[in-house]
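Below you'll find a set of structures to go through.
First chain A sits with chain B, and in the next complex the same chain sits with chain C.
Now for the complex of A and B:
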């Protein structure tokens, strides 16, 4: 029983980090451009295909090199999409940008079949094998997912809190006009944000390739649950997105102990709906409410 | 030094500025007074490239800057401290100041030195350097916005309603600092104010705006004694 619990917590944490990365990836764009990237599911898929289909299979490169090249290519693709879609459409009606990104997703989806074929791809000897820890069997891929995600989150924290350029990106997300009045090039900042976001998408596609295999629908569920993670944490905040992702991943996995496995996804979406009903601001809203109550209490005394 | 030549600005179909000409010379304090909606802030935003005028020209040191994006205009040495201050609320006071110097290639130690200068000018900010800007009082936020504007070592600094919503004693302090910036730091100042008396007393020259036009301009001392201005803006 203990072993099973431990296994579930590790795999739940790993999936939680994947949801957290998804939440981070679209929150970055939301903060920088005020738009949601509805194609993010297919960008993640594109990352997976670039990695396995193009770099490993077509170029015959090693796993590590392929991963790095795929991330780089998606970064370039991000710059292109920023210039072609996000920047020209950012001041239009939201609906236009929504339709544009949905269509981008559709185009990528169909292009994937034409370019890489309809058969699911699987990277060989990539993050495979198992660890035996405390009598439990843990798939190595979960451990790698946790490590890589933590690395990305720390790196992002460093960029946003310590570097001049990262702070400028934060300024853009807080107040665009004020940021430009500081001499910050808001458009350039949007381009870089899209690039980073797409690179994170590539990482998600690569690290989940061994779990879901590379196919058109590989990211459908994690993209939806990443959205849940953002709602549960509190929309627009990176730390909240990460917390929301982890909670979601662990809760839905532990629910497997008491509920039949088919209800796993239902748990995640029920949790999101409960949050939307009772705390639409997510965990941030819960925290604000607690702070307010504490202030009231100390104020009374 | 800075010259707007007959600029006309629209918001959609609404005309906010009609052929406004405006000039700032080196070393002066120029004030712009007028009622709400007269176009004072629009004039500032047109100069900064936040809104783009449809016709006219804006020259800075002989260079045409009308089509520059905002961040390039800041790079040229013009800084605008917006109405409502717009400090970056979730960021610390220190980070806010550092962002003010974003357009300049200062090294870490140079930036640090500049921050120290600002803290000397505004000691209250030093006590609060680690606090987030959102937790500051209105007066402190105004001081922070001014200090943040000075961080890029501008040649012209434009203040939009710096006294808005502040207690009278804090208003005096703000105007004291504005005078200091002009006289000691040798920076040309543009002051947009609803507090016409304050603006006319502190400035060398003034423009009076009405319905998107310059209704009057001249030496502030003269305007202070102008009968129509007395009745319309000074309540005398």
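Now for the complex of A and C:
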């Protein structure tokens, strides 16, 4: 029982980090453009296909090299999408941008069938094998997912806190007009954000390829649950998104112990709707509320 | 100019008349089926217009409501042995219930959050319909009996067509009445200026919940009609993609444009069928066309087309343009 619990917690943490990365990836776009990227599941899928289908199978490159090339290609694709969809639609009604990105997702989906075929692809000798820790058997891919995600999150924190263009991007997310008055190029900042976001999508597609295999629906659930993670943590904040992702991943995996497996997915959505109804700002809202109450009690202002 | 206006005034009537005589030209069963679907979509779009078009709330869970309508009616008929007409009573009750249930969260949850919550609702409903034993799980429900009056059953394509046409006309009438009443004006005011609405002494919560209730009643009735017309339903129909299609209909017609809902529904229903001869890549082309329509005509096909035309005319120069317009 203990071993099972340990395994569930490790795999839950790994999935939690994947949800957190998804939440980070679209929170970046939300902060920069004020729009949500509803095609992100297909972008993740595209990352997986670029990695396995194009780089490994067609070009015959090594695993590491093709992962890097796939991330680079997705970055270029991000710049393209920023110029074609996100910048022209940023001042329109949000509904229109939502529908435009959904349609982009459908285009990518259909294109993937035509280019790479309907059969699921699988990378060979990539993050495979198992570890034996304390009597529990843990797939290596889960451990790698946790390590890579932590690395990406630390790197992002470094970019946003220490570099000049990262600080500029933070300014844009806080106040667009003020940022442009301070001489920050808002459009360029959007393009770079889109690029980074798409590159993170590629990473997600690559690290989840051994778990879900590369197919059209590989990212449907993690993309939706990434949204849930963002809502649970609190929209627009990176640390909150990470906390939300971890909570969701672990709770969902442990719920598998008591509930039938088919309702595992419903747990995430129910949790999200509960949070939306009782604390629409997510965990951040809960924390703010607690701070306010403590201030009232201690008499501070 | 005067002539043009009067022609435009009769455009909706012309459109409805054309829908009425369409089966005389389209004799193939296949196209008549698509027409029936387009009309049902139009009913759903008319209802969705209250929330998305007029009140400006972004909901993406309409397919689930449409599906719940279909399942309620189908289950009442197959399991309880009810008459399809009598089953409309629980269907309407279902619509009222969903409207209230979705309306309350919409007061707390706004903007993109609402789209996310409604997508979540859609996924939950679909996952329950697919997994529960008594809804027929993945295979759905078959052998649903058609509507009948006495011995006259609406079981062929052409009979169903005119039944659904009558329902469409009825709902257009109801929607037209509501849009032009004080409720319709309150819906628009929710989008334009909620503060002013409150100052006028109108309860925003009430207005939003009414919008949701109306829209889900329209959707469940259309869903029930679909169940008895198609006589076979599966949960695979009611995906988030269908919800998105409903919103696309509204955008192509122009958000808040009453008659736009109807031609938007026809475009969304027919375009994939017209593109089918292309072969494997037809879905790709369809999505591409839809994306271009949404990106380049965000205010609706006809409204933006007019804008582009007047823009071109203005480019030609003032005096020349006046002569041109008189010639036409």
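We take it that the second predicted complex is superposed on the first by the 299 of 301 C-alpha atoms of A that agree within 3 Å, B and C clash if a C-alpha of one lies under 4 Å from a C-alpha of the other, contacts with A are read in each partner's own complex, and residues count from 1 in each chain.
Assume a residue touches a chain if its C-beta (ideal position, glycine included) is under 8 Å from a C-beta of that chain, and two chains touch if they have at least 3 such contacts.
Worth saying up front: this structure is predicted, and the values here are computed from it rather than measured.
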| item | value |
| --- | --- |
| Touching partner for A:170 - first (chain B), second (chain C), both, neither | first |
| First (chain B), second (chain C), both or neither touched by A:183 | first |
| Contacts of A:111 with chain B and chain C, given as first, second, both or neither | second |
| Per-residue touch tally on chain A - higher for chain B or for chain C | C |
| Which superposed partner A:99 touches (first chain B, second chain C, both, neither) | second |
| Complex interface listing, chain C residues touching chain A | 52, 56, 58, 60, 105, 108-109, 111-113, 115-117, 119-121, 123-124, 127-128, 131, 241, 244, 247-248, 251, 255, 280-281, 283-284, 287-288, 290-291, 294-295, 298 |
| Chain A-facing residues of chain B, complex | 48, 50, 69-71, 74-75, 79-80, 82, 86-91, 95, 98-100, 102-104, 148, 152 |
| Contact footprint of chain B on chain A as seen in their complex | 164, 167-168, 170-171, 174-175, 177-187 |
| Partner chain C, residues of chain A touching it in the complex | 36, 84-85, 88-89, 92-96, 98-100, 102-104, 106-107, 110-111, 113-114, 224, 227-228, 231, 235, 262-263, 265-266, 269-270, 272-273, 276-277, 280 |
